[in-house]
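Single-structure report; data block below.
In order of appearance the chains are A, B and C, and numbering begins at 1 in each one.
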Amino acid sequence: MRGLEAVIQVRRSASFQLDLSLQITPGKTFALLGPNGSGKSTTVSVLAGLLALDHGRISLDGTTLDDPDRGVFVPPEVRRIGVVFQDYLLFPHLSVIENVAFGLRSRQVGHAGSLARAAGWIERLGLTGFSDRKPASLSGGQAQRVALARALIIEPELLLLDEPLSALDVTTRIELRRHLAEHLESFAGPRLVITHDPTEAFLLADEIHIIENGRIVQAGTPDDIRLRPRTRYVADLAGSNLVRGVAGGGVIETTGHSLHIADRSVEGPVLATIRPSAITVHLREPEGSPRNTWKTSIDLIEHLGDRVRLRITAPLPLTAEITELATRSLELTEGAHVWVSIKATEIGVEPV
Amino acid sequence: MNDKPRRRSERRPAPVLVTLGGLGLLIFVVPLLGLLARIPWTRLPELLSGEVVTDALRLSLVTSLAATSIAAMLGVPLAWLLARADFPGRAIVRGLVTLPLVLPPVVGGAALLFALGRRGVVGEPLNQATGLVLPFSTLGVVVATTFVAMPFLVITVEGALRNLDQRYEGAAATLGAGRWTVLRRVTLPMIAPSLVAGLVLTWARALGEFGATITFAGNLQGRTQTLPLAVFVALESDRDTAVAVSLVMVVVSLVVLVALRDRWWKAL
Amino acid sequence: MNRLVFGKLVTLAFFPIGVAGCIGTTSTEVLVSAAASLSDAFGDLESAFETANPGFDVVVNLGSSSSLREQILEGAPVDVFASANTSNMDQVWAGGETAGEPATFALNLLQIAVPAGNPAGITGLRDFANEELLIGLCAEEVPCGDFGRQALANAGVTAAIDTNEPDVRALLTKIEAGELDAGITYVTDVLSAGGAVAGVVIPDDVNVVAAYPIVTLTSAPNPDGAAAFVAFVLSEPGQAILASYGFTSP
């Protein structure tokens, strides 16, 4: 199985050209991460067949879906691609079970059979009892799950999720992210998640592709992206510190270190986010300092324009960001010993 | 004082609105009252069972329903083309479609006569080839009423298709639905309220048509004399019958329109 | 929109209403309701009368005698009524609307009207029984329709009618266009249509004579003008005009 191989070139307007390539092997989840307007939705449309390529080639498991130079274009209804759209696009005039069964009915499966299969998927996604409800009466989280069931039931060869969680409130998002990760894992083919949320990309994807103005600016594992952002843009977008640990009583325990946080009530496995610019760097132990202060050393200095990124090592590897000016005035060099300090309130905490 | 200040949504509407709106309502109600005042209630059963009335009622119902069906079968595809297909001269086509709305119906009837009459541009060859004569026939009534009523259907459906979020049709395609299936299971059901409203408007217009019918199809009891024509003719000689037939038209129309209640307003 | 614009729009809305309300009658106007078959003749009578009486402005309201009758009975502000038959005039008289005795001012005979060239080869009333032909009459409630049916009855013909037109003009228009093969109209109508319509004579023994009465009305807004006009119609110049259109003097 060769998964998805796509070389995409599409001109959307006089000023915007989408030009990228993706190879997703079966069993892997890729994330396409970028801000709104960067070309993410166009990528979904092109892969789904709702938009045609200007140049390039799209093939799935060896079958060519779109090849303008050879005059090949497979229409969307023939491609076996499951799409979860950004607004879910559940058919408002059909009930939940009819929505889920829609893809089966269209592929000439019998009516009774398709409803039975749909009922199975409804249960699998924890929506038992919602079969006869109309989409308008569903919450965001429920609608998302119906959309997922609707896409999975047709046993597609590629799964495309366009901003699957962005329409949800924070609590629902965290809960559904967990379920989504499970469903993605159990889907055998290649999967592509489109998102503008770095945390989502880091938690769901095996590989992240950063898209800016229609082009991929960096691709790699989440750690690659996070630790070695190649451009300011990538750094701002994704180069944040993510630390996994266990929280309790206002402290997060990670391997080798404890971080004090502001929220005393959160408990259990968490993901802590620390913006590089929230880490202050000092040559001597700072006085009157926040609880999170420790001695470490710099093992890498990267200059990115007028900012400087410092990679610090044990006990907790993090990336700090300070100005060029500060770097020079502190006469920082690689290998130098420094003190770092982080305010408890600057540490973002999210349960996982 | 028990009065607590009422929330905006609970307050009664402003007096100016009530007054003006009430006057507006009178414009509709007063002629109706005038009609009701003249009804010879005791003679009503006798008047309504006369052949003139039953013939006219039968003709009106048959022709208006036929016109509505034709308008639907031809109008929906036309609306689809106007809303979705990009072809040169689309604005002109849309203008042509709305022409019957602006033309006085008698002018429309005259135009139909010039085109489809026995000596008409299309009618003459048609007559010589098939022997078909449209004027002075029931089919002629259907043609005339379709001409004046179909624009309502095309405009309503075109509007609905334009306002429809086409992404739903895209979603259906990714789920395996071919173009015909998308139309049948997604597009048409999603515009159903507007479609129904359009059909009702079309039917109502067809039912009430007078000028084009009498000019193109003529006036003959049992063959082309629909309810409006019967009223017009009766008004000259037998006012009681005219009033009775008018009442029939009002009742038939009100029954249908009230039965649809709020549903068709939402669609419009 | 801001207050100023809203105020202007409201004022603008009242304007057409005001104008419409101002369109009314003047004291020099004489409103004459005349049967459709009199349209051409009365056009000439109007100009001739106005030339002789510059103080008056005649406005001719044409329609079928029955609808004109209805308008008068419902209170329309008409000065003179010229009907195409006596029965409509009788009803106006019964309604108390006539000021004085109606006078017969013209006579008219019926004639079969056919399209120019008589394509269907109509020779007489007997052809009206032919189902294959497209035959039109005026509606029964209209004088020419009533008389037409009388003539057919006199000739013992059961006609296969295809349409009952609301008035003579509508019937003529369809005959002229060739959409009807034949119809029964007045002699004057066939004449007025010139070459577009041909006439087939109805023998005198079955024909019906239409007597046209004229009267001033009690609720006439301009009784002097009304009386003057009626007098003119009955005078020699008036009768000459009528004769030129095919009417006969009573």
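Here, a residue touches a chain if its C-beta (ideal position, glycine included) is under 8 Å from a C-beta of that chain, and two chains touch if they have at least 3 such contacts.
In this text, all values refer to a predicted model and were calculated from it rather than measured experimentally.
Peer 1: In terms of CA centroid distance, which chain is the most far removed from chain C?
Peer 2: Measuring from the centre of chain C, the most distant chain centre belongs to A.
Peer 1: Which chain is in the middle, if each chain's centre is the mean of its C-alpha atoms?
Peer 2: Per-chain C-alpha centroids compared to the overall one single out B.
Peer 1: Where the centres are mean C-alpha positions, what is the separation of chain A from chain C, in Å?
Peer 2: Going by mean C-alpha positions, chain A sits 85 Å from chain C.
Peer 1: So, what's the distance in Å between the C-alpha centres of chain C and chain B?
Peer 2: About 33 Å, centre to centre.
Peer 1: On a C-alpha centroid basis, what's the spacing between chain A and chain B, in Å?
Peer 2: Here chain A and chain B have centroids separated by 54 Å.
Peer 1: Across the complex, what residues on chain A touch chain B?
Peer 2: Spelled out, the residues of chain A in touch with chain B are 45, 48-50, 75-79, 81-83, 85, 87, 89, 91-94, 102-103, 105-107, 150-151, 154.
Peer 1: Quick one: which bits of chain B touch chain A in the complex? Just the residue numbers, please.
Peer 2: On the chain B side, the touching residues are 167-168, 170-178, 181, 185-186, 189-190, 192.
Peer 1: Going by the contact rule set out above, which residues of chain C touch chain B in the complex?
Peer 2: These residues of chain C touch chain B: 64, 66-67, 70, 134, 136, 139-142, 161-166, 170, 174, 177-180.
Peer 1: Which bits of chain B are touching chain C when the two form their complex?
Peer 2: Contacts found on chain B: 113-114, 117-119, 133, 135-136, 214-215, 217-221, 223-225, 232-239.
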